[in-house]
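Heads up, there are several structures right after this.
In the two assemblies presented below, chain A is common to both, partnered first by chain B and then by chain C.
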Partner chain A sequence: MGSLFRSEEMTLCQLFLQSEAAYACVSELGELGLVQFRDLNPDVNAFQRKFVNEVRRCDEMERKLRFLEKEIKKDGIPMLDTGDNPDAPVPREMIDLEATFEKLENEMKEVNGNTEALKRNYLELTELKHILRKTQTFFEEAEIHHVQAMHDPSLTEENFGLLGEESQRSGQALRLGFVAGVIVREKIPAFERMLWRVCRGNVFLRQAEIDTPLEDPVTGDQVNKSVFIIFFQGEQLKSRVKKICEGFRATLYPCPETPAERREMAIGVMTRIEDLNTVLGQTQDHRHRVLVAAARNIKIWFIKVRKIKAIYHTLNMLNLDVTQKCLIAECWCPVQDLDRIQQALRRGTERSGSSVPSILNRMKTKEVPPTYNRNNKFTQGFQNIIDAYGISTYQEVNPAPWAIISFPFLFAVMFGDFGHGFIMFLVALYLVTREKQLQAMKINNEIFDMFFGGRYIILLMGLFSMYTGLIYNDVFSKSLKLFDSSWDPHDPQTFKPYVADTLKGSTSLQLDPNASFPKGGPYPFGLDPVWALSTNKITALNSFKMKISVIFGICQMFLGVMLSIVNHRFFKRKVNIYFEFIPQVIFLAAIFGYLVVEIFVKWIIFTWRDAGTAPNLLIGLIQMFLFQSDPKNLWYSGQVGFQTFLVILAVICIPWMLLIKPFYLRHQQKFGQYQYQEVPTGNLLDDSDGEEVVYHSDSERSHYDPEPEEFNFGDVFTHQCIHTIEYCLGCVSHTASYLRLWALSLAHAQLSEVLWNMVMRIALQIEGIAGAFVLAGVFAFWACATVIVLILMEGLSAFLHTLRLHWVEFNSKFYDGQGYKFHPFSFEDLSEYSIED
Partner chain B sequence: MVDRKALPLVIMTGFWGVVGIILPIIVHFLMRGSPNKGIVQLMLMMTAACCYLFWLCAFLFQLNPLIGPQLDSGLIAFIQAEWENNPVNPN
Partner chain C sequence: MKCPICGPKLSICCSLLSIWGIVMLALLGVFYRIHSVALFEDLPITSEDWKKDNYTLSVIHDKYNQTAYNCFVAAGIYVLCFFFSCCQQRMGSKANYEMS
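And then the complex of A and B:
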């Protein structure tokens, strides 16, 4: 049966694949995504496996692809993502791909290297250009100073480091040397200081900033540099200056002394710069073209490479049967899909051109199969929240379909506001209607993923919250008056409407149902709007909400117990039905079922006339347990006797649950009828030879070891003891735990009311034009607080509590949750085969 | 005077009865081959059960109220003047 109510029937299969066809068959199975391969070589080292070379080649290919991707991203070229899903390429194609990637990588490396060299050249030439330009000014200044000095001998100190024209040179006794270079601007002060100290002030430094920042060829950063020129005398100072320049990583350039030579050099430099620019441009163009061509295909290549890797990983798990020249695989697959798997195998064999067909052979086994629930996009969200607690045991009842409605509904009981529910519904509607676009965007934000994954849950939560909001009559903390109210204030003394004198007499009056509640009947849909205006609203509604919590809680627990009998019948555990299920039901019904019935009866029978004598149900329940009775609390004849009977019935159930099953099982075992009951194996069919498992490795026992154990009475008895205590105490404590439905609904209603009263109401009372502007601003604040606090925070809180109610209170009645998940080999999620993580 | 006891009861029971009992039967025939048939039926039945029970509790709670709302006097005057309620039997 392929439905969601219990997990699918699985079978262990053996596949016999011809060596040539193995690759194609595994590829087809990967596209299908319905088999989970078992590792038949768990003891083998990863480096000793058969296809380790191919895996290594795939890793190499992926590394090259990643290098290309980085280059593409650096240039900002968009990568085309057509959403295509190419088939896994055949092994021949893999060689072609490898060659393509190798070629691309080499080309890119070459281009990058060339670019770097060119840029370095360019940098040198640019710096030289700047030097030539700036030193021109230095020498001109030197001219002026020198001329001045010639006419003013007292200023000779300054003029020492200066060069002159050729004419001056012949008149100068001292020949000064100079070096010119470029240094990073930030280092200039330190450079100057070092020069001053080392050369004892006998060198002269002039520097000028280069206006435009220059590009560093290696890192690509923009650096500010300055030109400097140092004048010195003598060889010693020259070597010292050169060493200091080296230390500060300043680049020195040969600068000609005469202006004519400098001008020539400048022109030469300019032409060379032009040429270099052209070459650089062409290199960049070439690189861009190569990258654009690669960007078109890179996503597809990634998928192809990952698929190849996945196939080889899987092939590594298979066993080679040397004598028969075929590979043997063991896998779990759903019984329902055996036909599709056979077809996939046939397709694979045809594609590879092999003549020998692949064989699929079902095997008998005592191992527990994985749990496979066939979900669609709607039910997957609910299945996830159930699986988060524990994966269902193989073929037990799946709580997920029940949670589809019960989860949003219990959330809505706690959240109960029409306005907030409506906003929640709209948000979820947006996520659902735009799901294809949002999925295509591949947003990697974890929080968004959580909300997007639960979009159907949020949709239903919003819908049900709107319904419960209407019943609670709560729209952003205001009430709706869809019908006429059932309360018409009348004076109980006169049975006529209140007169002004009576009203002036007191600040507030409590309406008497006798006088003010018309005999017509209650408000037809939900709570009466008059309660929203009353000051004792909380006291009155507490009774209502608490009773609702208890009623729904006991209903859900009862449903849980009923699901356990479905399990017992499926696994043919008659013992459990008679000795666990029946006493469980009686216990629950006798005490808590009786309480629910009392609640309903009290609502129906007692009217305002009995307001003084109506029984208190809670005290009644406590007294029932203590076998006491307060005559004022009794309300039907024979109540004491009936209640005593119920309590004794419930108490009898305890030893019934506790003692009978262990002793019965021991009795069975003594007479040789004992069967180990705990492992469900409902799928032992064989439609073929029924070969036993030949290549099964015994060391892989990660899951249940199904060998029949000896009957250990102590174990069984202890287990039963725990189970009984858990159930009985659980009934009581879980019923009380359901009161959180009341608590959260009260908190939500109060928060929303306080927000309105303290924020909007104040703004609405301001008069005049100013009031309009203030109201607009205050509304913005109120809206933000509503969304952030009331919807997001309260929503998350209610979600968590509902989750707890399902996981603990509901699941403990029937759920085992010891299974392991079916993880088929599929190409849908290839991220586990990438080398990134 | 519109009957406020029987009429809402009949209407709501009828409505959720259709949703919870009749619709699943219709779905049984409409969605014969679909794998989601069971889920749809279960959803309809549980929705009907939960929503009907919730409405019923609210209805029964207010059927025979033991206490009434406590209102400010000014509010009582306002209600008497503005709200047009069910006419009360002049007892």
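And then the complex of A and C:
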């Protein structure tokens, strides 16, 4: 049987790895990705495990790598991603890697520190340069003020009050002290106000803006600053001014008083700035070179470090057998792949140069193995949507292969529009043909990932929707006339084509098929296009869509019940076959199978001639249960008797399902034949590994032996009761639930029609050439609305409903879904081993 | 060339929309030309107007042809739109190439 029909047969194995070879063997198994290790040291703290030091070293290495990555990203250097998959390096190489990373990190830190210091120096020199430039003008103004003050009559009059020496002394005292500095521009108003208040207006501040923004050495931001100079008189004011400057974090610079000294200083500053620029440039170049060299290898290093870490995590799960100097591992693996695993072990032992071969030993256990479904890229999508409901129990029938067809088909029944299906198909086709490129791009957007993961599902959904669109004859809400219509309007009174008077006489006419249906046979494929122009299209189609919904529903439920017998036979549950499966089938067939047969017969036997007198199947079904009979709904002889028989048969099935199994099981238990139904783990032991030494250690202690369950009649009876009620009521309610296929297809068709009528029709009904331009604009709007509302929204809605139909209506007939997924140790997805979350 | 008006995503969306517009409007024009009955309700004529013309068929044929012409002109507009967005996309990708 193909491996998709049910999950793989798994076996619990013991691996005996030589201590030297352990690392290499685990590395090979990681590349293979077919083995799920069990943690043999669950009680041990993470810090007490054997290889905790190595894991710590790996974490350290990864931290250094992330620091380097951040620096590389800051500089905007592209990191080369060749898609190479390097092997996990040997432990010796780990030391080399550590040394390399250490060296790189130290170099980077040094360079960064130097750059910062240089930048700070550069900033100081630049500010000094600006100060020297601006203070030139300040001093000239101050001189003018000074001179003015000397010649100002009002001022000098005050001074004249004193004696001549005092005027000299006051002249000396008029000599202003000053401090010059640079401050952030935004702080200037507050700075000025503070100075005014503290110094009581006795200082004189001049400021000028520095045009170019300066770079802050620590953060790298561009800051606007201003030069200021404060003139004051006396020591007290000087100390106050200096304190205020400190408080506002203004940097003060020593500024020489004489213009000549200032000019000299300016020249010196310029040369120093130039030197600094050169040094800065060279430092940046060096840093860039180091980073470029690192960027070439960094992705590979990341992979290597993560692989090492993964291997050591796994090695931590193994047990050390002191007597044999080897490591023991327990793992789940598929039986089919035992050869490949042994080959991998052999390769690992060879690589590590150890002489003792590694041993693989199959163990027998009562534990339930994990569920492993071997999928390819096509079936993986469908398996995922089944697994989202619940992982199948070990070796249960897998619903996925059925879902590959039933899921897109039921979606298409609800979505049926050729145009929308075509667009969906094109989008999915793009995703599928460009898979490799899109996968290589590693887009991390969650929504895109969802659509990309389901690309094959969307492809099939689109394809099937095109088919149902042709059946419903719906292309963007318009009908296609592929063949000649089977309707030809003729007057039922005269059996001749309608006359002008008759047409003008009434607003709507009903076409009688007796007169207007000349061929007597239907349109060859799909729905007749004439229905698009009729006012009673919906009422006519309702009957059709409801009937097909019920047919599809009952067919799918029947399939579900049939799959349950496959399960029963595989797990050798004979009790279930006789006391559950058979009554279930009879119940379903007697009531709903009969309904389906009735529908088909009615379609075949009754023609348009009998349209008025055809029986109503729904009323007929209700009357069947109420044991009534209306002659209108009887259409074959012996119908009453046959229907009564079917109802009684169905009613008998209920106690059959409910009562017999619990009592039979109790009877069996009383007579000692009760067996706890365990899950078979297939053929095990001794026949396979001929050349390997079979080694039984004290491995039993690590297994969990479930106690054989006591037979509790009350539990079994209650369980059976629930199961029966669920099934019987479920049959009815689920059949009605399938009517959503009708409801959603109606909604979709109506929505599409409304969009056309309200949007496109407006544009098409504009006369003259202006209509063309309006049409161009309106088309864009209509197209966007079609994609967003009709394809995306309705598509998601139909997807959800189809999913519900599969999960509830289909799965409840046979699916157990109590398994756990097989999660092999593999290097494919290393993200769980990285230190970031 | 100078900086493009549309970004890369918008220009790709516009070119796809234009292709859809060209195909669909051209087909719509063809269907109007062959006087397809399904499009009868989308004609720029009301029942009163038709009554005035005494329900002649030639009026209807005229309306069909006129709307077909409109559809073809709109398809032509979308051809221009397609070229424009293709140019935008090429400019955008060139700018990216030059910068990096």
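Everything below uses one rule, namely that the second predicted complex is superposed on the first by the 772 of 837 C-alpha atoms of A that agree within 3 Å, B and C clash if a C-alpha of one lies under 4 Å from a C-alpha of the other, contacts with A are read in each partner's own complex, and residues count from 1 in each chain.
Basically, a contact is a pair of C-beta atoms (placed from the backbone, for glycine too) under 8 Å apart; a residue touches a chain by one contact, two chains touch by 3 or more.
All figures in this text were calculated on a predicted structure; none of them were measured in a lab.
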{"item": "First, second, both or neither for A:Ala500, with chain B first and chain C second", "value": "both"}
{"item": "Touched partner set for A:Ser486, first chain B, second chain C, both or neither", "value": "first"}
{"item": "A:Ala780 touches, of chain B and chain C: first, second, both or neither?", "value": "second"}
{"item": "When both partners are placed on the shared chain, which of chain B and chain C touches more of chain A", "value": "B"}
{"item": "Chain B versus chain C as contact partner of A:Ala310, first or second or both or neither", "value": "neither"}
{"item": "First, second, both or neither for A:Phe600, with chain B first and chain C second", "value": "first"}
{"item": "Which of chain B and chain C A:Phe525 touches, first, second, both or neither", "value": "first"}
{"item": "Chain B versus chain C as contact partner of A:Val203, first or second or both or neither", "value": "neither"}
{"item": "Which of chain B and chain C A:Leu533 touches, first, second, both or neither", "value": "both"}
{"item": "Residues on chain A lying within both footprints (that of chain B and that of chain C)", "value": "500, 503-504, 533"}
{"item": "Complex contact set, residues of chain A against chain B", "value": "2-5, 374, 376, 379, 401-402, 404-406, 409, 413, 464, 467-468, 471, 484-490, 495, 497-498, 500, 503-513, 516-528, 530-531, 533-537, 540, 543-544, 547-548, 551-552, 555, 600, 603-608, 610-611, 614"}
{"item": "Chain C - residues contacting chain A, complex", "value": "17, 20-21, 24-25, 36-44, 55, 66-67, 69-71, 73-74, 77-78, 81, 100"}
{"item": "Chain A partner contacts - residues on chain B that touch it in the complex", "value": "1-5, 7-8, 12, 35-36, 38-39, 42-43, 46-47, 50-51, 53-55, 57-77, 79-80, 83-91"}
{"item": "Chain A to chain C touching residues, read off their complex", "value": "78, 478-481, 500, 503-504, 529, 532-533, 760-761, 764-767, 769, 771-773, 775-776, 779-780, 783-784"}
